[in-house]
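Could you have a look at this structure, given as structure tokens, before my questions?
Chains: A, B, C and D, in written order; residue numbering restarts at 1 for each.
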Amino acid sequence: MSEQQKNWFSYPVKVHPHHTDCAGIVWHGAYINWMEEARIEYFQQRGLEYSDFVKIGYELPVVDLALRYHKSMKMGMKAIVKTRVDRIARVKIIWDYRIESPEGQELYVSGTVTLVPVDREKGRIARKFPPRLQLALKEDLD
Amino acid sequence: MSEQQKNWFSYPVKVHPHHTDCAGIVWHGAYINWMEEARIEYFQQRGLEYSDFVKIGYELPVVDLALRYHKSMKMGMKAIVKTRVDRIARVKIIWDYRIESPEGQELYVSGTVTLVPVDREKGRIARKFPPRLQLALKEDLD
Amino acid sequence: MSEQQKNWFSYPVKVHPHHTDCAGIVWHGAYINWMEEARIEYFQQRGLEYSDFVKIGYELPVVDLALRYHKSMKMGMKAIVKTRVDRIARVKIIWDYRIESPEGQELYVSGTVTLVPVDREKGRIARKFPPRLQLALKEDLD
Amino acid sequence: MSEQQKNWFSYPVKVHPHHTDCAGIVWHGAYINWMEEARIEYFQQRGLEYSDFVKIGYELPVVDLALRYHKSMKMGMKAIVKTRVDRIARVKIIWDYRIESPEGQELYVSGTVTLVPVDREKGRIARKFPPRLQLALKEDLD
């Protein structure tokens, strides 16, 4: 399946006062909360509850994050956090993000986030995906 | 209408990693974000978009906050933030809160939050509710 | 020692953009971060490194929190978070807080926070203070 | 002055519970707070109080952010947020960051952040640096 055909996972959000700063717009770090939430909901829809993944001894820390801020969001505005797995390189999962207005005319933020599975007991990056994660990423690995 | 009959407004939430701390539970300050979100959605359902209220020159700052933490929430758990206007004393709006498990068997947090309208231009507490807020609080004022 | 004579522990802070919201003032939940930091520094000055306390199997969760917001703080302002142990009731540690301007003329926030020690292995409130915590609270227990 | 000779500005930080997540480490978004604080202190040391800059009608929003997470930080750990202006391209200010252990043996996070001055009244990017910002960046512009 080509990149172009890959569907985005959509996670709707709304700007509340605690997301904003004194410039009257969403504080640049607040988008990261939404991006994490979108990722976790993505996994859940594919059968992986993140808290279960933690219970079986793994973590999925962020090792790389790159964001571009195109247009600011203000109090009360709604947006869709769109995400998809762009590609998988060994055990690195590289995600694409686009935070857009509900109808898609405006792009607020775009970016990529890279995760790696960590084996908590060994305290290091897992050499391969644990089966449960492998299953959740099935369609992204093809 | 007696307190007992007053309906709670329900706002569903879910624990994501950014809400938790190293104790593995929701960090005590994180509930305050959810409580604010619930309040703003409450107003919206009653016709007051908070960002519009700000545009016409008002704020609704918190002047008092009291929380009791009954039981901790963990990663992945869902809850309902229940809120209602407990009473109105002149221009003080006193809200009740209960953060409960989805079926209501568990109580995680209970509390009250007091807001007052502030006239931004005058830089002080408004002497009476602006009409738009008055309207949104109509059923709470009876 | 009477309450009046008890010294306050002082923790200096400064308002940065991420503390503020679209009303141009410190967001009401942001003070809770500072209050936690002040408490941890208090313990450290009395010989208890909180991360060590966690390592030996305990937590000190907040079970009660009450804040009054007297005056708002703006971007760039400095303040002193003053805290002290107001009293100890069995295993409850009740802290007093005052967040004031550097010279003490202005009071921004006052409040109380109650902590209890939790034994992580047993998953419940400890029946008495672990020795290390007892030692750190020595002057508050007299 | 060559890049190698440019001094880093150092801003000391410490991990408190509210910075951590259920993985027991600093949550990846929490570093962004520290990075912002370091930048504002940098400007202050060069005579520009950020709140004054806002008062005269400007903002300095982040338009680009790229972070690499090398090693995780745990509760109670201290670090130095090191920053410097890497280069200035027209009105873009590109900052370098390194978050290191106090003695510099460990690198936790490295990254870059790009800011642009925005003229609030016109609602768009300023065509040149306002004089006060120009002055604060004097040694970076040479």
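A few points about this structure:
The definition used in the following text is that contacts are C-beta pairs under 8 Å (C-beta built on N, C-alpha and C of every residue); 3 or more make two chains touch, one makes a residue touch a chain.
Keep in mind that this is a model prediction, so the values were computed, not measured.
Chain pairs B-C and A-C differ in how many C-beta pairs are in contact, and the one with more is B-C. Residue numbering shows that chain B and chain D use the same positions for more than half of their mutual interface.
Separation between the centroids of chain B and chain C, computed from CA atoms only, is 24 Å.
Between chain A and chain C, the centres computed from C-alpha atoms are 34 Å apart. Residue numbers of chain D whose C-beta contacts span two or more other chains: 17-18, 22-23, 25, 29, 32-33, 36, 54, 74-75. The part of chain D that touches chain C in the complex is made up of residues 16-18, 32-33, 36-37, 40, 49-52, 54, 74-77. Touching chain C in their complex are the following residues of chain B: 22-23, 25, 28-29, 32-33, 36, 54, 59, 61-69, 72. Chain B makes touch with chain D in their complex at residues 17-18, 20-25, 27, 29, 74-75.
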